[in-house]
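Each in structure tokens, the structures are laid out below.
Two complexes follow with subunit A in common, the first pairing it with subunit B and the second with subunit C.
On to the complex of A and B.
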């Protein structure tokens, strides 16, 4: 590089020669006279301000305080005014609040995400029409107005052409969802989908069908026996209070058992780790029920009063002996017998299951078998058991809209326990096979890396290629953004609002608020939606423009006012820690609340269900009292689900009303002899935290865990480069030889293997989704991240 | 620039601390009667304005995608000549070879893509246009290694350099606009800040406010020395290496050459001011 030395004469010549070539409008404004320069900088200089808000490095929303010094976030610490991060039942929270709360590594590393140099800073437009993995989109910066005008024009053209329903909308599921749903309704597409079906909708279906609530939470602090199937809460934190509430439970005397093919961090802290073959947890649970019933260790009175279908269930499990289960699960019959006895005789006890058993084609029935163990032993909604939370939250602001009558592309309604988040795998499959009711044309993807998160990576890439126009809003140039026509710079949680009202057992409303303005002047996602709605002139059912003068602050203020707090946004901001909570705290055994049935109500003699004259369930008669009951169709806990039994799964197969065990569809065979599973740890969320050096410092590679005996047979040593191969993909990995995994199983941490995203994330580890088939479980629509078999050999 | 006159001397024997203020006070009051000084001041103002223009030109090259005017200035030879004038003949030659027969719109899109690849969209050739990515410490001081044994680059946006830059903007009575917000140590903002200061200097000189002009020069030098100069070298080298398009190679060369020359010139001027005011007693050296 030659560096010219310029004289003053040349300054003049250069200035004259280039006059008019470029003129940058001023990016500065004079400070108001009233603020002296010193005054403008000084007050925030030393200690700055502490602003309460909520973390969103994962979906857990732990309460945090942000120290903003000189307009920059300097420090983040836990906010003890917010129970999320400290406790999930109120007595524990109030008693231990002064001890402080916790943040996980991701929460602690949040500042880097805000200031990550690899963030998307300006709207980008693709100029290379060719799309594909690793194909340079040849981005060109465009202004926000150009970007929004172009997207709005595409949307308008689609709508004017009567094709509004061909718009697909994907979003993360714990941020700015309501306003996006409103947009889709007003625009006229039924295809609004959220992340949940990649996460835990099978668990939602399980608990909804058994106990009428889709996200019960364990009161572990007060428990004496904690039994988890396939869950790693001590490391895969979502809500940073999880580890504390469990270890406190252990300190308080709980025995802690973890059933999992992998000796997760959680299993390593348990009294006992029980290795099991993936997807067979339901069989073990049925055998436990067999022992508990045969030995008369179940809670007869509770079952009589509060459950339906017990007789059918006990008849069904009669031959589901521990020996029967041993053959399926690989867990010794004696172990099953012992765990069953311990569980049934130690009170209070918690049994819970998450994504381990939840991401296979038999997830819902297997999970129901686990959930009914709580009903069998009367461990429901009591201190120290699995709890039905009282959600506080915000209410969706009222909107009058006539929804489109076009069907969804994913056929969600055909999933008997499908979740409102839709079915991503079906969307991808329909785009590819063209067998849907129509071909979608356009997609808006908010804060989602579909390519690395939907099973069957290549299918996702091919599907995205088939769409005419793809908009991605993200803070990184993710592998999905690589497929976009326009990328909008997303906001981080430290730059935007959210109302939070779940994750603990009593009504608590907390606020996420911008602690600094969006650092590149970008629009937060909700404002993008508002701007698009405005440009399209979307109107509600009464013909009133909905987005025209809408401010997101007003929108969420209405949400807060409509929820249990009944206060405004400003009032919430003013509360300590920006948190409102119900002083009544956690309520147990809410099903016992007595209700007065309306005139003309009738009682079902078999179940005790009390229905009003329109057939709506209004309570449950137990003895001579009518109680509120559970939110199931019968008002009771359901060993047998009449409603499920009346339906067919997505493949047209009838569903058993009992939690019957069937093996999952895809089992290891000679060609692909090993189960492949995946998991998460405290230092990463989904696939989205992998450009954070503070987190990559903890773990920057997902080596494939393989049992030492299996490795020995295959001639693989720790640290060897190996091939992992399934019918759908083949890639290199590095072996981690360990005794901490079932011999028939290999597994690794999810989220690695980026080829885009950012310089820190890129090229680290192996992406797991490429080995999978693009399928969901046939009842809930849960993506099958763990139903995959592989062979492994030395590279 | 050489001081306009070195003939007159100040015979008074006041304390050095008071001298500078007094001198400028005298100059301010007598200047309008003195054609020589006025002419010198006028010339200084012209130079300051020229510098403001160049800072604006450079700022615009980094702060926003290229415009059609830039493409035209390439096509019609304006920029070629400008590069030649400052001794960047090889850049001019490259640019010359690049242009002929090209459609202006194609050329514009090509340059927009190049601009975005270099300064906006993180990727293999991204040259982050933020001072913190050059001036700040590579790591947080932790000795922890990632589990591949490597130290990770933990530099982040809005580091100490950004805070320091913003502080100087505020001290100068300027704030980054909310509408076109950027992180304060973006190269475009730092260059444009200097444009503002040079503009102020010119305006002060033109309205006879010598103290204000001097204050602006002092700020320019301080900002250049503490903010822009320490990283401009590495930044421009990186752009020079990553740029595929001769325009951005040329701009990088020009930026580095101009900024370093300007610092040198300002230093020389400052030493003259200090000498004149505090030492030799040369009243007209301003």
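On to the complex of A and C.
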């Protein structure tokens, strides 16, 4: 279908007629109460319908309600029946539900993305074989059948030739991922990868190794001390509830401290902004631990009962004094000492870290040093601390498949804490250096702009050029689509389904559903996968055709039924706000639950770990009781990780079982004397919202923030045109001289610098990835977006 | 007693996210390059004692609106409940009101070519809803209600907290109250050095969209925005006015 194009007059005539009330000779529709019959089953046309769904302007999936009038989305507002957007602990949600949920600027601009005239409307086939940045692909419109037939034929030829494993698959992370993974398994490629390794897999590794959960969430509303290292949740508002839950925590008496090289809007709301040199956060955390242990301010009972490796850790931090850390971090020793004491003596407290320290080569160990501060002070899974969420989720529907025995191209298994999302930088590097187990031939890219997202822009372009055939599914002709052989028109979140089951601390399952049919009659991404699977006749391990009669609604209905909600898709749709939630709400201190160990279980005298006959951890003995414990190898919080200590990182170096501080690999020198960092603001997501004029007009340029004193030394004034140069790239930018950044650091907002997309995005700002090395951290495979050094001079 | 609608903005809760800015545009279908509400942002202090402070601004729906007094064709008018509106059919775009307004919140709609500004989302208020900016506010900094009702949230906030309007000496009786507004943010103008300049510029040039491009994007909500559907802005629409 196409967008119904009614003139204003036609529309009003129609709405008035449907409402059964004569228009008052006005160009305005009369007040609704006069035209909506009470208790009417069908709302009148002018009132429209309100359909609950979940946002996807970013991955935060906040609950929204969409007003659909005459087949068009007329308004998006917050959905109070969904806690995402209101609160992340159940007591806060139920107590303050009447205040209403919230929605960020991106969510408010969703309609203008849905109806963006620059969207890709028809499948496009490349007719110019030459590929490169700025090279016109000479697109030719083709039909959906032609497009799918051609892609299926390419896939079939590859598979028939015994080269199925040379297919690379890339996708965004929070939508329709399961069915794509199924496709890859059934097709026979191990190379299914998705966005997370460009985002926060180092944080996942950090908290997984220390607490046994990869996505803990802070209960800020109930906290008395909130300490963030390199997190900007009041600007990069992943969940729309964050500004409320954090400012409400402050109102409830919490002291709020932000450690960050940049004075973000989050740091601006803090009682104290502590500027720090990038990547050195771990050193500050170790010095805090030194003070807390020396002054005996740690929670001895909690540590004795619930942590392992304290003695080793305590010995390690003995010489990690605040003076030692001052030399590394630039944070005055007295400040570190004071923050350490405040943090340890104010309960409950939250300590958290996100992408600031997380996108450097020393991210995992540095982050572990931060995470163990929570263990040291007993601030784990209690009200007002960092919480271990109970995910509601949807379960991946079971599938019987014999996976290929070919290795992945990126060598993921060699990363000791690698994430199932893969390692994008390794994929790019292997395509270019040919040192992988094989050369990949084809790629399918779903809803991702690899060129502007993976560090080392030119390398990504060159790598894509080396592939024989590239398929891109996107709503825009992105910089990655420019490198494609075929482009499929993508769908926005308002045109498709998804099941959402995380981001709050108790089990909640919510639904994203199409509020309008795909506006160009295009296939949503999951239906593209189904259509390709059908054409290829992919069969499961029992020989049954998997995609032949598969409907995505049935697929996600199974997901919902397999998760904690245990209801069908239709039942979820019928719930208020299309949200199911566990009435038991947020559970605290879940590790204390008592368990009955099976017959023949043994207790490790050193750690208290209780293991069954097969050596599987079944609980933790504390005193004379056996508890459920944490999901770490020992069941306790780990100051020392035996599991990590037994492994080597991707470079073959042994890993310290302690959160030892080592400097990141690349430091400023005489030639490139400044750290370059990047961040996000509330009005943009990744690189994908930049053609939305209602967001771009808030801020349409990423000027390079440079400290006033540094700018003075370089003779740079606010608004000057400057060169930014690293060993990997050189480009022009505009300077923003500010007091709000560390003098040794320059930085800017990520996502600008498009040369594709559309009229609004094109030519605005500077792309940040072009200065980076194409590398990931050696433990988790996190892309190094922030490990860059540059020089800056007047243009 | 008739109602008297006011807004209270608690700056302790404002995080400067601009959700209000965009929610307003969506609700009222305000074209690109024009704003009925805007969050002014100012950098304050010297490294490392520095922070950015935010100050959302919108029409103050003044007790004695000078814009209404000065309109030569009586297009600007005030409802009995204090909400100041414009009859877009009557407005001739002379901009006299724009020059009169002490708060710089009026502008010429680049497509309609008539003057407009914040309506306190009058179409929502008449349906018992909060203005769109209040509903969407991420920090729940904005509160809206009837100041003449002593039990309303706004009355309680005004009674309990130190509130002040912008430019209390303007003589127009502004009715948007701020809790702990930053003095520097209030005083700073677009040309001052500590104004965060990247938020203040000639948008038409920088957004690089022609009037036709703006019109094309504006079509997404044309005729179906809630403001268009649910309110008759004409002065003779039979609603009590002052």
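Criterion: the second predicted complex is superposed on the first by the 751 of 795 C-alpha atoms of A that agree within 3 Å, B and C clash if a C-alpha of one lies under 4 Å from a C-alpha of the other, contacts with A are read in each partner's own complex, and residues count from 1 in each chain.
Quick note on the criterion: a contact is a pair of C-beta atoms (placed from the backbone, for glycine too) under 8 Å apart; a residue touches a chain by one contact, two chains touch by 3 or more.
Being a predicted model, the structure only gives us computed values, none of them experimental.
Trainee: With the two structures laid over each other on chain A, which partner does A:247 touch: subunit B (first), subunit C (second), both, or neither?
Mentor: Touch partner of A:247: subunit C, not subunit B.
Trainee: With the two structures laid over each other on chain A, which partner does A:268 touch: subunit B (first), subunit C (second), both, or neither?
Mentor: The answer is second: A:268 touches subunit C but not subunit B.
Trainee: Considering only the touch criterion stated at the top, classify A:738 as touching first (subunit B), second (subunit C), both, or neither.
Mentor: second
Trainee: Which of the two partners, first being subunit B and second being subunit C, lies in contact with A:759: first, second, both, or neither?
Mentor: Both subunit B and subunit C are touched by A:759.
Trainee: Check the residue A:102 against both partner chains and state whether it touches subunit B (first), subunit C (second), both, or neither.
Mentor: The second partner, subunit C, only.
Trainee: Where does A:112 make contact in the superposed view: on subunit B (first), on subunit C (second), on both, or on neither?
Mentor: In the superposition, A:112 touches subunit B and subunit C alike.
Trainee: Considering only touches as defined above, state whether A:718 meets subunit B (first), subunit C (second), both or neither.
Mentor: Only subunit C is touched by A:718; subunit B is not.
Trainee: For A:72, decide between first (touching subunit B), second (touching subunit C), both and neither.
Mentor: both
Trainee: Could you say whether A:423 touches subunit B, subunit C, both of them, or neither, answering first, second, both or neither?
Mentor: neither
Trainee: Of the residues on subunit A, which ones does subunit B touch that subunit C also touches?
Mentor: 6, 8, 11-12, 15, 24, 26, 28-31, 70, 72, 111-112, 115-117, 693-694, 696-697, 699-701, 759-760
Trainee: Applying the document's contact rule, which stretches of subunit A touch subunit B when the two form their complex?
Mentor: 1-8, 10-31, 37-38, 40-41, 70-72, 111-112, 115-122, 124, 127, 136, 138-142, 476-477, 517-521, 693-694, 696-697, 699-701, 758-760
Trainee: Under the definition above, what is the set of subunit C residues touching subunit A in their complex?
Mentor: Of all residues in subunit C, those touching subunit A are 12-13, 15-19, 21-23, 25-27, 32-33, 43, 45-48, 50-54, 126-127, 130, 132, 135-141, 193, 197-199, 203, 206-209, 213-214, 216-217, 219-226, 228-234, 237.
Trainee: Write out the stretch or stretches of subunit A touching subunit C in their complex.
Mentor: Against subunit C, the touching part of subunit A is residues 6, 8, 11-12, 15, 24, 26, 28-33, 46, 67, 69-70, 72, 74-78, 99-100, 102-109, 111-112, 114-117, 234-235, 237, 240, 242-244, 247-248, 250-251, 263, 265-269, 273-275, 682-683, 693-701, 703, 707-709, 718-719, 736, 738-741, 743, 759-760, 763-764.
Trainee: List the residues on subunit B that touch subunit A in their complex, please.
Mentor: Within the complex, subunit B touches subunit A at residues 1, 46-47, 49-51, 53-54, 56-57, 59-61, 63-67, 69-70, 73, 78-79, 81-82, 85-88, 90, 109, 112-113, 115-117, 120-123, 126, 128, 130, 133, 142, 144-148, 152-159, 162-163, 166-167, 169-183, 188-189, 192-193, 196, 236-237, 240-241, 252-254, 256-258, 260-262, 265.
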